[in-house]
Structure formats: structure tokens, C-alpha cells
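Since the structure comes first, as C-alpha cells, the remarks are kept for the end.
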Amino acid sequence: MADLKVRIGALELKNPIISASGTFGYGLEFADMMDIKKIGAFCTKGLSLKSRAGNQMPRICETPCGMINSIGLENVGIDAFEAEKLPKIRQAGATVIANFFGDTEADYVEAARRLAAMDGVHALEMNVSCPNVDKGGIEFGGDPVFLEKLTAAVKKVCPGKPLIVKLSPNVADIRPFAAAVENGGGDAISAINTLKGMSIDVKTRRPKIKRVFGGLSGPAIKPVALKMVYECVKTVEIPVIGIGGIGSLDDALEFLIAGASAVQVGTMNFVEPAICQRLAEELNAYCDRENIARVTDIISTLRTD
Amino acid sequence: MKSNIITSREVKRGYFRMEFEFAGEALPGQFIMLKVAEHNDPLLRRPMSIAGLDGGVMSVIFKVVGRGTALLAEKKAGDHIDVLGPFGSAFTPPKTDAVLLVAGGIGVAPLLFWAKRNPSRRAAAFIGGATENDILCSDEFSEAHVATENGSVGRKGLVTAPLIEHAAYKNKTGYILACGPTGMLKAIDQLAVKDGLRGELSLEERMGCGFGVCLGCVCDTTGGRKRMCVEGPVFKTGEVLWRT
Amino acid sequence: MADLKVRIGALELKNPIISASGTFGYGLEFADMMDIKKIGAFCTKGLSLKSRAGNQMPRICETPCGMINSIGLENVGIDAFEAEKLPKIRQAGATVIANFFGDTEADYVEAARRLAAMDGVHALEMNVSCPNVDKGGIEFGGDPVFLEKLTAAVKKVCPGKPLIVKLSPNVADIRPFAAAVENGGGDAISAINTLKGMSIDVKTRRPKIKRVFGGLSGPAIKPVALKMVYECVKTVEIPVIGIGGIGSLDDALEFLIAGASAVQVGTMNFVEPAICQRLAEELNAYCDRENIARVTDIISTLRTD
Amino acid sequence: MKSNIITSREVKRGYFRMEFEFAGEALPGQFIMLKVAEHNDPLLRRPMSIAGLDGGVMSVIFKVVGRGTALLAEKKAGDHIDVLGPFGSAFTPPKTDAVLLVAGGIGVAPLLFWAKRNPSRRAAAFIGGATENDILCSDEFSEAHVATENGSVGRKGLVTAPLIEHAAYKNKTGYILACGPTGMLKAIDQLAVKDGLRGELSLEERMGCGFGVCLGCVCDTTGGRKRMCVEGPVFKTGEVLWRT
């Protein structure tokens, strides 16, 4: 039995396999299909102060080795999460990372304050790939100066719990954004969110997604994600959580070797609901087989000589 | 869950019926999610209504419409298939009502399962399709009324024509269970509401997961936004707020 | 027989199927496997004033529904192209788009001047995804102001032949770059070049590509490419050539429906060398079947109502 | 080109020999590019040396090392396989020399083809591998010397040991044709140069296309940068500038 524990700021995870926001519901949906205590943590669907209905249908479609979604951040809202979901999640013994977002900086701060105060929420993950209402629709995660300010403002209201900031890959260079999170006092970075993409139904000549553009995820984006995660790791000292197209132990190892302290599995949860538990088990078996005492011994071992 | 395929054969041109081992329980109206290949292209599972489950053998009936179903059609007895489920809501007609089963094309699958599970109930099936080739399993129902758009078998026209002429429809004692293309379901929904019949509709939508977490399959209902894979695919007539 | 002709500036192509630079050699390699006269055009491997040896090996690897390359613009150089390749290409009757690049603005201008003067070169495609030696390694295609200036300078020396500028997808927003090409006097835009990506060999813990990062291409990137092409089309009046992951008629139609005037097929030439000829034939059959008299009737027919 | 698979069987654990129809000509040393699946995951073709071509039937011998070769191993007689080629340079030993065929593991494939095409030539085969399981086709050569690293069959040690003891090596009349892992080829190259023998080496590298356009397979030689798929895979001894 290898030591699979990793640290994300003050939080110790029992292993580095996390299920990603928007692909794991509120965790409870998986209760019949796996043991959600056995994975490092899970990220909730992105939460906002008020519940949201999300975008119009259709809002998903398939692409080569991937999918596009334009769910539009549908969620039950923070009140319902606290009242209806969290007690059951706590009972299930899961480690919870509350993913959240807002339309304005004030929304973000208030959401973080609320979530940080909840017993059973172990860390916060801030999704900054949302249009900023105050700044005319530019994404919060699209300007490093603003991102640093937002991070600092949010960190102030959740001093006791790790604040992970989730970066958008739809930028020319991710490094200034990683640096902005660190400078703003963020405890960790997670990367990447979805790439912007589009798909057309040739028969109807309509976009397959009602809102035309959506977010590309799945194995197709893995090389892009790995490159950006590696760049973040080279830029900051705080832990980086790797996300994008992970579907096998080798995929997870690629991110750990590149320097990620933990990984998140998104789209592949749809294909294989128990995948995170399987990967955690396989990671343990791998470490034993390879005589690796601590999973942290794998992190940042890329050889580029 | 990896299941052993027992048989798979083309029952009509482009339509396949596959049987495989299944160790669990399931209710008519529910569906399963099938992985059509071991690789990731195509990536997502495909939803299929359960067409039968008896003695540890589950069956599905499917139409080849794209790459996923084409891959499914290549599978043979002895191959394995990865099955997840069952998922979703089931048909729950009141115990005593006469049941009107309305199927459009491949929509016959879950209705057949219901009929098999309820052999002693009064039920009439109305089976519609574009041509004779699209009429499936009509001989497996005790009472079946067939309609084709081109008249190649049964009545010429839409399946709603024999439906509304049926005694149990006219006297409003019939309870409708319908599955088929969205246009047909919408038409039946509007008819049922207008004519004062109750019933249930099994809807279709692209599904990312099948178990309620991707939120890719929602539809609006009188009870708010619902996930077709958890709160559906079976909804009550009058409940769905049709998109178009 | 439908009318498949499309225009790229002053150049009329017999059909909109073009093979992409770096995936079609100098055309001659395909002579045994297809009829290179039957496709709209082919783009040469990127040419520079002097021949180049390219990067160290390994410089390709496979990824989910895609591949990464880091060839490093190996090419025979413009002199050898003119002396050894062009006469044979001309004899084969192919329509040639000379793809080219440089390390400095002066290189670009000189390469374009040379190529534009060559009989048998029908258009130029300028690859701006190269580090700019004068500007400390930033890509030429990474700054719209500079891109406009470069386009204008190059266009001056090739007034008689269409200048296509090929855009990089590694930007936050492709629209200012498309506008820069149009403002600089470019005759057309082609998009996209490869996305930056990375892959690791878990067994050796080494990057699969010697230079760590490389360019991701193939079906995996199609949704990203289509989105960017659509954005370019909405931004400029000049023709846009769609590139990225095309491997089937439906893929090509997606780009045409989104507004591309023509498409380029890259990676899939490796898998199926005669693919461009097949797509041209299938496009013709499709138009006949659907009663489309001119292929231009497909362009920009996306329905978003 | 879609070819009909005639046979495919596991000749040793993890090693397969496949025969399929092939309507063209090919020379020993050349290779083909196989599409292992119809979908795009994995995307690229896989290079395979031609192990035989006779009467319109081509054969390959391959080892399962990853997803592509695993998919190839699943194919059965009657299935189709998409073949492109032949590509690359061939073995061209001078007409009168005795030939020393040196194979490491799966590298035996092109040498077997050469031996079959040249039954009347004086040739000795040296076949090496890690264990007995990795020694393939040694009985198909008229003279074969086997060496395994663990000594489970033939001599214990590397294949270079029996090679350098052979009369035609010692008297420098032998012409070497070698195929196998890069480390082995480099060792043989250095031996041959040192001992004054001539010969040819068939190299391996990841290949994107197989016909010279992706430039993914280059290697440096005394004659400059060469593409392994066009100017190679067969190079003369002393020609390759080894990377490591």
C-alpha cells in the first residue's frame, strides 16, 4: 500500500484523483455506482448564489474523442446545495471541493463566503471562465490584472479553506494567469477548463449546440491541457491540479510527471462512472509495482535532458 | 458491466435486435447506456430503451442511424458489450385502465417490454412507421393496428388515425403509453389533452451520461426543468412544454 | 456535374479541396497515389530562403484522434524548390500554393518576392506561427499590429498573386488577427495552424517530442478550428480557408456551411493519401444529389435562428 | 487498399503472423502501412515490414506492444485490412557475397522475406531475442544460429556472439543484413565498421505517413538528413550517425 496522499494548500487528500466540476453532479448521483469516499475529492457542479436554469437545448454534442457542452452553469443554487445536498454528501463521507462562480466580483465574494462557512465543504474551486457582467462580458479569467484582484478579494473571505482557481485555456499564454492567482493569494490552480469549440449538423445546417459555441472536453484536449499544466507548474510554487481528457492511469501519470499535484477527471465520468475509483486503485497498484513509496515521488519527474 | 451477447440479428433492413446477459432488474420505460466500442471515437455511450428482460436476458431493438449504432450492429453473438443502467422513469399506467400503446418506428421497443411484462392487461398497440420496413414487432402484441405513411402495410397515414378511432380512445377510458419521434409525441400529447385522455410519453434526447450529471438532456415541464434521463424519459401527457 | 469552382482572391480553384502545408510534401510524393490535378490546389511544405534541417528527433507522436508534430519547418529552401521541385509540379499540372515563412520581416518579404515571381506558383500562403527573431521570439502571428504591418510589407512584393495569411489558433481571440490581415491588404485568410500541445511517455518519463511542445492537429482539433473559422468569417470580407481535422465530406461541409470559401486537409493525408481527391469527388456527388448547382451556394448557409 | 485477411494466428505469446491478399509487387526490406481500425483512435497507420509475398499473398509478423498492434491482433480471417505501400528501400546485397542475416526479435520479418526470395544464396541467419518466446521463424532459415539473453534456447547472450564467430564474418567475406532494436543495430554497425565488413541495416522509427511527406522519421547520415520511410528503412553500415 503506497502513500497516495497529496496536499492542496492546507487540505490533505487521500489520493490525487478528483472528479471534475460539472461531470459529477453533487456526488450523490454516483452513490450506487462507486464509493465516493475512495477518491481524493469531488468538485461540485458550479454553484452560484441563486439557482440557474442554464442555456437552451440542445446543449451537448459529440466530437472526435470529445464532446462540446453549453450547459450554461445550470445549478441548484447555494441555498439548496446547503440544505438538500450537503447533509447527504457529508453522510457519505466524501471530500468536497465546492466549485462556484458569479456574474460580478461581489457575487464571487459572497458565494465564497457562504461556501467557506459550510461544514463539509473542504475547499473552494473558483471558475473564472464566466462572462463578467460588470466588465461587459469579458471573462473573469481573461485578464490577469483583474484575476489577481478577484483572487485576493475572494481569498479574504475564505482564509480557512484552500482556494483553488480554475483557469481557462482560451488565452494566448496561460502563464500570466497562473502568476496572477499566486500573487492574489490563491492556494492552488486547476487547469484546464474547456476549450471553445463548435460543431455543425450538416443535414439541418444548424449548429449542434443552440448557442453555437460551447466548451470542448474529453481525450481530444489532453495534449493542450498537459502543455498548459506544465507551463503553470513552471510558473508558480503553489500546487497545480491537472485537468483535461484524463481517462486512464497513464493519462493521470502524464499530468503528475509534468508536475500536477493532483488530477481531475471530467468527461470520462460519463463513459465510466466508477473511473475515479478505478484510477485511484490502479495508481496504488502502479506505485506498489514500481516500488514508489509515495505518490508525491512521481510529481515533477519529467526528464527533458 | 460487460455483458455477453447471446444473439444479434437484422430483423428488418437497418433494424437490429440484440440479446445479452443482464443480471439485474429493470422496468418497462427504462433505458440502458451502451458503450459501442472500446476506443474513444465515438466517445459517449448510446441510450437504448429496454425491449425485454426475462430470465437474465435483456434485449434491445435499434435502428442504424449513425456511427454508434453502426458499430453496435457489427457486434455478434459471443462478443461483449458494456452495459450501464437501467436508468430513468418507467411506465406506470393505473392498474385497471385499458392501455393504448402508440409506437412510432423504433419507439416500439419499450412498449413491447411493457406488453411482455403485462400479458393479462387489456392493451391495444398502434404501430406506425414510414414504410413496411419500419414496422417492427407488430406480431408480438395481442392486438396491433398498423399504419404506414406510404401505405405499404396497414393503413395509409399516421398512427394517430387508428388510435383516435379505437373504442377505448373514443370513450376516454384508454390510458396512452407512447414512444416515437418527437413530432409524433407532441401530436399525441396535444390530442390526449384536447380529448381528455391521460397517458405517458417516452421522450428522446441526446444524452451525455444517462444518470443525471451532465445536464445535457433537460426539458422544460409544468413542474420545471427536468432531466430526461432521471425524471424521464417517461413523462405524463400534458406535462412537457414542447420546444417547437 | 455541379460547378465546384471557388475564388481565393484573383485565383479560381477548380474545387474547394486543398491539401495543407506540411502534409503534402511538394506534391510529387503523391503522384503514384492520386491525381494531383483533380484537387483545388495543394500547399507546399513551408519554404524559407535557405534550406532547413528542422528539429531534433523524435518529432511526431500520436494523441487521441490527433497527432503532435515538431518538425521545425524542415524544407529544401526556395532555390531547390524552384530548381528541383517546381518544374515537375508544373508538368503534373497541379495548382500550387507556396507556403512560406521567415525569421525576420525582411526574410518574409524576400521569400514572397522570390516565390511570387515563379511561374507555376499560383498563390502564396504566409505562415506566421514562427518565432520572430527580431522581436525576441514572439510569434509573428501573436500581435495584430505587427501582423498587419507584415502583411502589408509582403503584399507589396506580390501584387499579382493572392496572398493568403495563415493564422495561429494559439491566441485568446482570433478576430483582431483576421482583421489585421484584411487591413494589411491580405487577399485571404487560412485558419487554423496547429494548437500547442504536449505528450509524455510514461515509461521513460520523457516528453514524446524532443522539444517538449509541438503542434496538435487532426480530428481532435476540428471543433476549435470550426469555431475560429466562423469567427474569422464574421469579422472580414476576404475569403477564409478552413483547416483543422477535416477527414470526411461532412467535415468539409461543416466548414463551408460556417462560411469557409475552401478547406484544407492536413493530417488525414497521412492516413489516406488520396483523401483530397475523394473529397472533391464526393462533394460533386453531394451537390448533384442535393440539387446544388454551385458549391458557392453552400458557403455561409449556417442557420442560427 | 482494402485487403482480405486469409489467416491470422498467434505464433508465439504476443506475436502474430497475418496473411492477406496483395495484388502488387514488393522487395525484401520494404514495408507497408496498415490502418489498424476504421475509426480515428488510434489515428495513424502502423508500419510493418513485409515478411513474405508470394502468389498474391503478403504476410507480416508483428508483436503486440500497444493499442495499434492489439487491434491488429484482434483481426481474423475474413476481416479486411487497409494496406498502403510498399514503401522504402530494399536490401541489396552484392550478388555473390555470403549473406549474414542478423535479427533481433521481430526484426526477423524482413530478413525472412529476403531469405525466401533468395533460396539459392549462401546465407546464415543469426536470431536473437530476450527469451525463447521471442525467437521467431528460426526453422524457416536453412542455417540458423539462435541466441537468447536468458539462455532458454540457443546460446545464452547477445546475437552478436555467434555472428562474429561465423567463418564468413571472420574472413570478412560476409555481407550483413540486420534488423532489430536500435541498440542492436548500432552495435552491429560499429562491429562491422571496426571489423571491415559491409552490410545493411533496417532501422525503425515512429512514422506519421510512411511515404515521405510528414518528415517525422528523419535520421542523420553521412549523406545528410534522410527520411527513414523513403531513403530508408534500409541503410548501409557506416552510413547512420547514431543519435545516442
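Here the chain labels run A, B, C and D in written order, and each chain numbers its own residues starting at 1.
Everything below uses one rule, namely that a contact is a pair of C-beta atoms (placed from the backbone, for glycine too) under 8 Å apart; a residue touches a chain by one contact, two chains touch by 3 or more.
Quick caveat, the model's predicted, so the values are computed rather than measured.
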| item | value |
| --- | --- |
| Touch-network distance, chain B to chain D, counted in steps | 1 |
| Whole-Å gap between the CA centroids of chain B and chain C | 47 |
| Whole-Å gap separating chain A and chain B, where each centre is the average of the chain's CA atoms | 36 |
| Residue numbers of chain D (touch at least two other chains) | 40-42 |
| Junction residues of chain A - those touching two or more other chains | 64-66, 218-219 |
| Chain contact topology (line, ring, star, complete or other) | complete |
| Touching residues (chain side chain A, partner chain D) in the complex | 64-65, 219 |
| In the complex with chain A, residue positions of chain C that touch it | 63-66, 68, 142, 170-172, 195-200, 202, 204-207, 212-213, 216, 218-224, 226-227, 230, 245, 250, 253-254, 257-258, 301-304 |
| Interfacial residue positions of chain B with respect to chain C in the complex | 40-41 |
| Residues of chain C touching chain D in the complex | 22-25, 29-30, 33, 45, 53-54, 57-62, 64-67, 69, 71, 74, 218-219, 247, 267, 269-271, 273 |
| Sites on chain B touched by chain A in the complex | 35, 40-45, 84, 205-206, 208-219, 225, 243 |
